[in-house]
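Per-chain residue numbering starts at 1, and chain names A, B, C, D, E and F are given in the order in which the chains are listed.
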Amino acid sequence: MDSFTHMNEQGRARMVDVSDKKTTRRTAVACARIRMKPETLEKIREGNVRKGDVLAVAQVAGIMAAKKTSDLIPMCHPIPLKSADIRFREEGKDTLVVEAEAKTDNVTGVEMEALTAASMAALTVYDMVKSLDRGMVIGETFLLSKTGGKSGTYRREEGTSCGGSEF
Amino acid sequence: MDSFTHMNEQGRARMVDVSDKKTTRRTAVACARIRMKPETLEKIREGNVRKGDVLAVAQVAGIMAAKKTSDLIPMCHPIPLKSADIRFREEGKDTLVVEAEAKTDNVTGVEMEALTAASMAALTVYDMVKSLDRGMVIGETFLLSKTGGKSGTYRREEGTSCGGSEF
Amino acid sequence: MDSFTHMNEQGRARMVDVSDKKTTRRTAVACARIRMKPETLEKIREGNVRKGDVLAVAQVAGIMAAKKTSDLIPMCHPIPLKSADIRFREEGKDTLVVEAEAKTDNVTGVEMEALTAASMAALTVYDMVKSLDRGMVIGETFLLSKTGGKSGTYRREEGTSCGGSEF
Amino acid sequence: MDSFTHMNEQGRARMVDVSDKKTTRRTAVACARIRMKPETLEKIREGNVRKGDVLAVAQVAGIMAAKKTSDLIPMCHPIPLKSADIRFREEGKDTLVVEAEAKTDNVTGVEMEALTAASMAALTVYDMVKSLDRGMVIGETFLLSKTGGKSGTYRREEGTSCGGSEF
Amino acid sequence: MDSFTHMNEQGRARMVDVSDKKTTRRTAVACARIRMKPETLEKIREGNVRKGDVLAVAQVAGIMAAKKTSDLIPMCHPIPLKSADIRFREEGKDTLVVEAEAKTDNVTGVEMEALTAASMAALTVYDMVKSLDRGMVIGETFLLSKTGGKSGTYRREEGTSCGGSEF
Amino acid sequence: MDSFTHMNEQGRARMVDVSDKKTTRRTAVACARIRMKPETLEKIREGNVRKGDVLAVAQVAGIMAAKKTSDLIPMCHPIPLKSADIRFREEGKDTLVVEAEAKTDNVTGVEMEALTAASMAALTVYDMVKSLDRGMVIGETFLLSKTGGKSGTYRREEGTSCGGSEF
């Protein structure tokens, strides 16, 4: 099963040897959605115009999580992350969209960094408003695009952003 | 806005004071789904009967992430976790379901621990098979149920498991 | 030298045995100051009325650092922190004041948690505006007060806040 | 296979549920040995009478590692460690002995904390003198004794210390 | 005492300046042994053919620990690890052998990464079967070989593997 | 507000994109002061000639904190630190001076690493002698000098050391 490159010859997981891969510029964008009651989204928006809002905390959480990716995902290589950014968008009256972007120059990609940032930012939003709306659902977390590396550019059909409009 | 208890009097985020809350038994179950190509799920299943499979790594990642929750979610309180477990289920031919359970005796709940475990286990699955199927989507991550604390028992309508059948 | 309780019988550092100390409510407030050019303080203030400002990031950094205290200070005991809060004040035209408060119910105090939160919040402010003002000085970081434990209440003469006026 | 309590009903690893175990005073002592060239041990001894010696660093490393145990050993429960101490002994002309002691009041024991402290202190010694003696062997790392919990007191036949004489 | 390069001019420990060392390919292999009752080894072997076994968890623990090495060993430099792998072997009826391999391209070597991976994998095995066999001994943890760097290749006489036969 | 480069186009904090900056040799020296009762400084000095003294622990804490900088300061980039050193000085009868130096070859500087090392070493001194002198003040923590990068060399007027005389 050569496709499962993370397996060693004993059939066990290993951190794949990437020492002979070339260093290239790598980018990745990941999206996550949080569906909530419209009034919860409204409250987040209100906080949005004040200092110390929910999204400011989620932003920091996402960026710090991106830097912890290799400490969280067992077979991930440690990466000298060169850029991390998180943007918020909205879709309809009940959906907050998290768009996380990561960049580096490295032998491995930053897909997991972007996905981890998006997921943890979404979970932080959940944590901060859960007393209002325990039924929120974090849905549709995926890789929107990546560039660099041997497998080159990947882009979902969805387009060039995570969707929705700017929050 | 009393509903946003994580705000201090300057309108900034704080770690809410829980020193006067009572210690009770707390449990939480969270679910996450990963939609993939049927052949990817098939490959995971094949690995499933061998040592060192994808799910064994995801299991460990989820449990270790549960213990890191307060280091990842900025306003989360550190918790003496007393139990953490992850089970895998499947739904249709293309969906792997992660069911994460956490338990403690504490003044705050373990919802975030269960959700973090489920999310990180799902991201670990993604990481390990992404070379086969970069378009996988992590969808529908939510709290299935919780018990304990002042707000008492919460249970989604979905029922008593994360759905699907045992993997 | 009985006063250095952190020494073992070989004259080496140890994490002091606190297993026979009583659990009491513990609080601590620590202060840190950052002296900068008046125009730098002005810029921080401007950011203050927008989302995503410098102080929102410093706030999160301080609270997360409080939770990492026992991982940073070698002989510190791990503590189930029950509350952490950071407030900002100003003094004159060039000084930002950080006031950090920590609380727990434990056999050891939370002085180091409050001091670590104040220091790391101050360093985060430095990091975010250093391109404007590399000569900033973090000065006067101290314990304002503590309560609980065998040594009881301690309070500096300075009074009941870290000084200055609300930012 | 009831003896492998760390398995869930799917045959996968879990963090065992300890929520119904009683809190008792727990202690554990672990030993590790490092065999080296006699001249290496001599050099460590010389450093021993100066500030900043090899053993001071190893001591701090061991104590900090004890606090990280549940972050290193996947199925270990997080523990409010109440005491951690490391002592050094010697055996013959070529063996340094590390003796690590941990204590808490908790539902689970501190064997892993003591063993992790002893191992990491030994590895730190290795790191600091490896340029002199790459062939050093860390040998015989074991639990000397433990007290508390349902399984009660355990003591190896070796006696009451890790052996050797005080360094 | 020029041989103790980790000392600064005050006789205190420092993280040695490696900024003028050349980047070369670095590898290291370390071994650890765990002696246990034959029936304990037998039970591990039985688990070996099922999903979620003891060794799968130890494998993940070892690889994750390799990535944490510079956070555990005070004077170790942070390293962009490019490969980490762990294999299990057995010797006689009572000894499990852990073989850990690390690789990078860097100015410093990966000996400590390989040793930390082997030690933590061994401690994880101990943790998971200690209820059956508290008297297990982790013995003989050493560097088998290393390549790269100014000091070049090092190889113990033992040969090219950690000994024993494949598990 | 181009001066606040850490803001994204939504006015939120981001980890600045440094992927197009050039790698250069970077150094930074930071200073921190701790003012205490003369008898406390005297006691630290006495410990100074024994093994396991306060400053040995503070030294290790500072160096380990330097390696954790990007985990503590939210918008800091992870850095392959190549050297970290801490020296102690004294000023008058009541002031201990911490001088921390960091070095790397990287696209971003090491100012925050040096400042974090100095601050955490100072806080560790506070922790270890606070039972004697709770009123200690950590004052005047600043960047003494830096070299490398686009902004080039920076040096405070104070001179070439953190002041005082060797401890």
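Just so we're on the same page, a contact is a pair of C-beta atoms (placed from the backbone, for glycine too) under 8 Å apart; a residue touches a chain by one contact, two chains touch by 3 or more.
These numbers were taken from a predicted model, which means no experiment stands behind them.
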Graph distance between chain B and chain D, where chains that touch are linked: 1
Fraction-based call for chain F against chain D, same above half, different below: same
Same-interface partner of C-D, chosen from the options B-E, A-B or B-D, over half of the pairs matching: B-D
Centre-of-Cα separation between chain F and chain E, whole angstrom: 32
Intercentroid distance (Cα basis), chain F paired with chain B, Å: 38
Contacts with two or more other chains, residues of chain C listed in rising order: 8, 10, 12-13, 50-52, 55-57, 59-61, 64, 68, 71, 74-75, 79-80
Pairwise touch network: line, ring, star, complete, or other: other
Chains grouped in pairs wherever the two touch, ordered by label: A-B, A-C, A-E, A-F, B-C, B-D, B-E, C-D, C-F, D-E, D-F, E-F
Touch list for chain C against partner chain F, complex: 1, 3-8, 10-13, 43, 46-47, 50-52, 54, 56-57, 60-61, 64-65, 68, 71-76, 111-112, 115-116, 119-120, 123-124, 126-132, 134-143, 146, 151, 154, 156
For the chain B and chain D complex, residues of the former touching the latter: 25, 55-56, 59-60, 63-64, 66-68, 79-88, 103-105, 166-167
Residues of chain C touching chain D in the complex: 8-10, 12-19, 70-71, 74-75, 77-80, 107
Residues on chain D engaged by chain F in the complex (per definition of touch): 48-53, 55-57, 59-61, 64
